[in-house]
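Two complexes, one shared chain (subunit A), two partners (subunit B, subunit C).
Presenting the complex of A and B:
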């Protein structure tokens, strides 16, 4: 009996050691890439990159647009996630698949699709509406950056929030309703306060995702310096002229910002990206 | 070995009848250019516009809607209808359904040189590659893709 138990314990150890090897291998790859980037640049190169006015502009624009994108993503993802978690309707599987399209589409295709959409009659109408309302059009202007980031980031926020709502016990809302709440009141006063961690996680994930968005922004917004250039575009522009040091310096800024978002999420006890 | 002329592209059929660089200053025209500091095409475009004394005026006109890093992206952006005109290399256009305006003496061309590393251990191999690239029949292929032929000239 003891021999059998010892044999099983050894087998378990080998099993978990194998799993650990896979984990360590992947962690080494990720850390190796970051260390290689860090070793390729110097603090002086990082400072020089940050001193360039166009990079400072791209830095500010990236954070402003990514923040707006994260807020918009939450705004849309909360109702969509709740609806998908709580309601069954015909064609739900199809609708669910549609929400995942931005995740599986190649980024360039999203940018191209947006560009084509905004040349249609409906798109032109929206351009005029935006110009009248905000004094600025959409295509090749700052709003196009937010739209391109939103098209992708919102899908990740929807997925995160759907899981959040699915994991919450629907009995709480049911009890609230038996005590006289309408569904809307139960949602605002019971569900949403209980889901704040999921909402924040989805927001941080959308923010990190928007910061790194490149393909759709390049096609739909261009990379006009001091106008629509965001940090990922800067990396591409610097690479295209062989200024690898500047490209790596900007990449490290992006990595730091994204890791900052994820660490902040962990510190708040959130499950960002999980 | 070959060259790549700068051309002005417009929508199919050239509905706005754009014929020369000066036409880029027309009111409300949507123009796309390559980034002048981050791409050879953009730098060449800036030189051509400066030589024609249009660079400043074009910037002030507000007609330049977008800068992109490459000519092929400008071609595709124009094809979607989001631009009226763009300055690109001729090699960015052969399969695109756009109207191509050659710029003649006002234009410019990028020369594509051939070079082999002095210390390369494969110099003979590279020499054979050069011979293959410049062999009979190759010229038509380069020209068919929009390049000019410079080898031996």
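Presenting the complex of A and C:
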């Protein structure tokens, strides 16, 4: 009996030690990449890279477009997430799968698909409409960066918000409705205030995704210096001209921004990316 | 308002309720008992309009309600665990129904103060549900259901999380609300003493049917 217990205890230890080994292995890979980046460059090289006007432009453009993308993603993801969490309708599983397509598609394919979409009659019409209204087209212009980032980021925001709404007790809205609220009022006054953490998590996740988006932006917007170059494009451009130090410096900027989003989320008690 | 169910059926997944017949005249205090899982909560949700009827006829105050939205039924509903709104203060809870039913600001303020006093919530008005005890939460939920002076009150175990003294006080309060306002009440409980004290109509839910208890 004692031998059996000792055997179980040893088996448990080996089991959890194996799990820990997998965890440590992956953590070492992640930290190793970050440390390698950090050790490759010096503060002076970082400053020199950041002093380049084209990198400053890419930095500003990245943050502006990613912020617009995050706001747009929340704008769309809140109603979609709520609808998917609360309503059952024929073909819901199919619609759900469609919302996940941008997550599983190769990034380049998303960019190419957008490029083709804007070559169709409808796309050309939108190009003309955008030019008339804002004085700027879409493809290979700044709006295309937002659109490319949005195509991917919104899917992550939808997923986060759907889980948020699913975890909320639907009876609160139901009770609000018995007390005189319409569904719209129950949503605005009861559901949305209670979901603020999920909304903020989705926004931070969308921002982090948008900042790092490269494939769709490269194909749909190009990487024209001082025009449609965002930070991930800068890494690519600097690598292609052999300036490894500048590429690493910009990579570190992107790492800092992404980690900043995660840390901010955790500090606010959010579940960013979880 | 009277409450009448005629040959009503409802279903939630594989759980079927019915055929249910129930008549509570205007001003009646019906207490519904039954085993756990017999469908008492489902019945209240059907009457509140939160679950659809698959067949039969439901009338509240003589008005057919089968397709009436919950907000238009003129009811107050207190669900089993209160279902309070965590982001709202006690004051906002008590003000909720009058606000969305278009009461004037002065009248709303008076009603909140009156309810807070009757339910011993005056010192808790600015607190939010996560900072309340079980009994306090139950009183807030009761106050929220009563606030707009509904003509039909649906109470799902409203006194279950209270200490003995508060239980006695709220029993008295419910009896006085019933007498003073002439409101029709359907109250679900497992407590026979509570039923004995409050009910004018004793009911039992068994095998999906509502049976009167003599």
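A few comments on the model shown:
In this text, the second predicted complex is superposed on the first by the 260 of 274 C-alpha atoms of A that agree within 3 Å, B and C clash if a C-alpha of one lies under 4 Å from a C-alpha of the other, contacts with A are read in each partner's own complex, and residues count from 1 in each chain.
Criterion: a contact is a pair of C-beta atoms (placed from the backbone, for glycine too) under 8 Å apart; a residue touches a chain by one contact, two chains touch by 3 or more.
Not measured: the values here are computed from a predicted model.
Once both complexes are superposed on subunit A, the partners subunit B and subunit C fit side by side without clashing. When both complexes are overlaid on chain A, the residue A:190 reaches subunit C alone and has no touch with subunit B. Touch criterion met: A:118 reaches subunit B, while subunit C stays clear of it. Applying the stated contact rule after C-alpha superposition, one finds that A:240 touches subunit B and leaves subunit C untouched.
In the overlay built on the shared chain, the residue A:10 is in contact with neither subunit B nor subunit C. Judged by the touch definition given at the top, the superposed model places A:139 against subunit B, while subunit C stays out of reach.
In the superposed model, A:256 makes contact with neither subunit B nor subunit C. In the superposed pair of complexes, A:218 makes contact with subunit B only, with no contact to subunit C. The gap separating subunit B from subunit C in the superposed three-chain model is 50 Å, by closest C-alpha atoms.
Contact residues on subunit A toward subunit C in their complex (touch as defined above): 169, 171-172, 174-182, 185, 190, 193-194, 196.
Residue ranges of subunit C in contact with subunit A, taken from their complex: 45, 48-50, 69-71, 73, 75-77, 79, 83-88, 96-97, 100-101, 144-145, 147-148.
The touching residues of subunit A, when paired with subunit B in their complex, are 112, 115-116, 118-119, 139-140, 218-219, 221-225, 228, 236-238, 240-241.
By the touch criterion stated above, subunit B contacts subunit A in their complex at residues 32, 35, 37-39, 64-70, 73, 76-77, 80-82.
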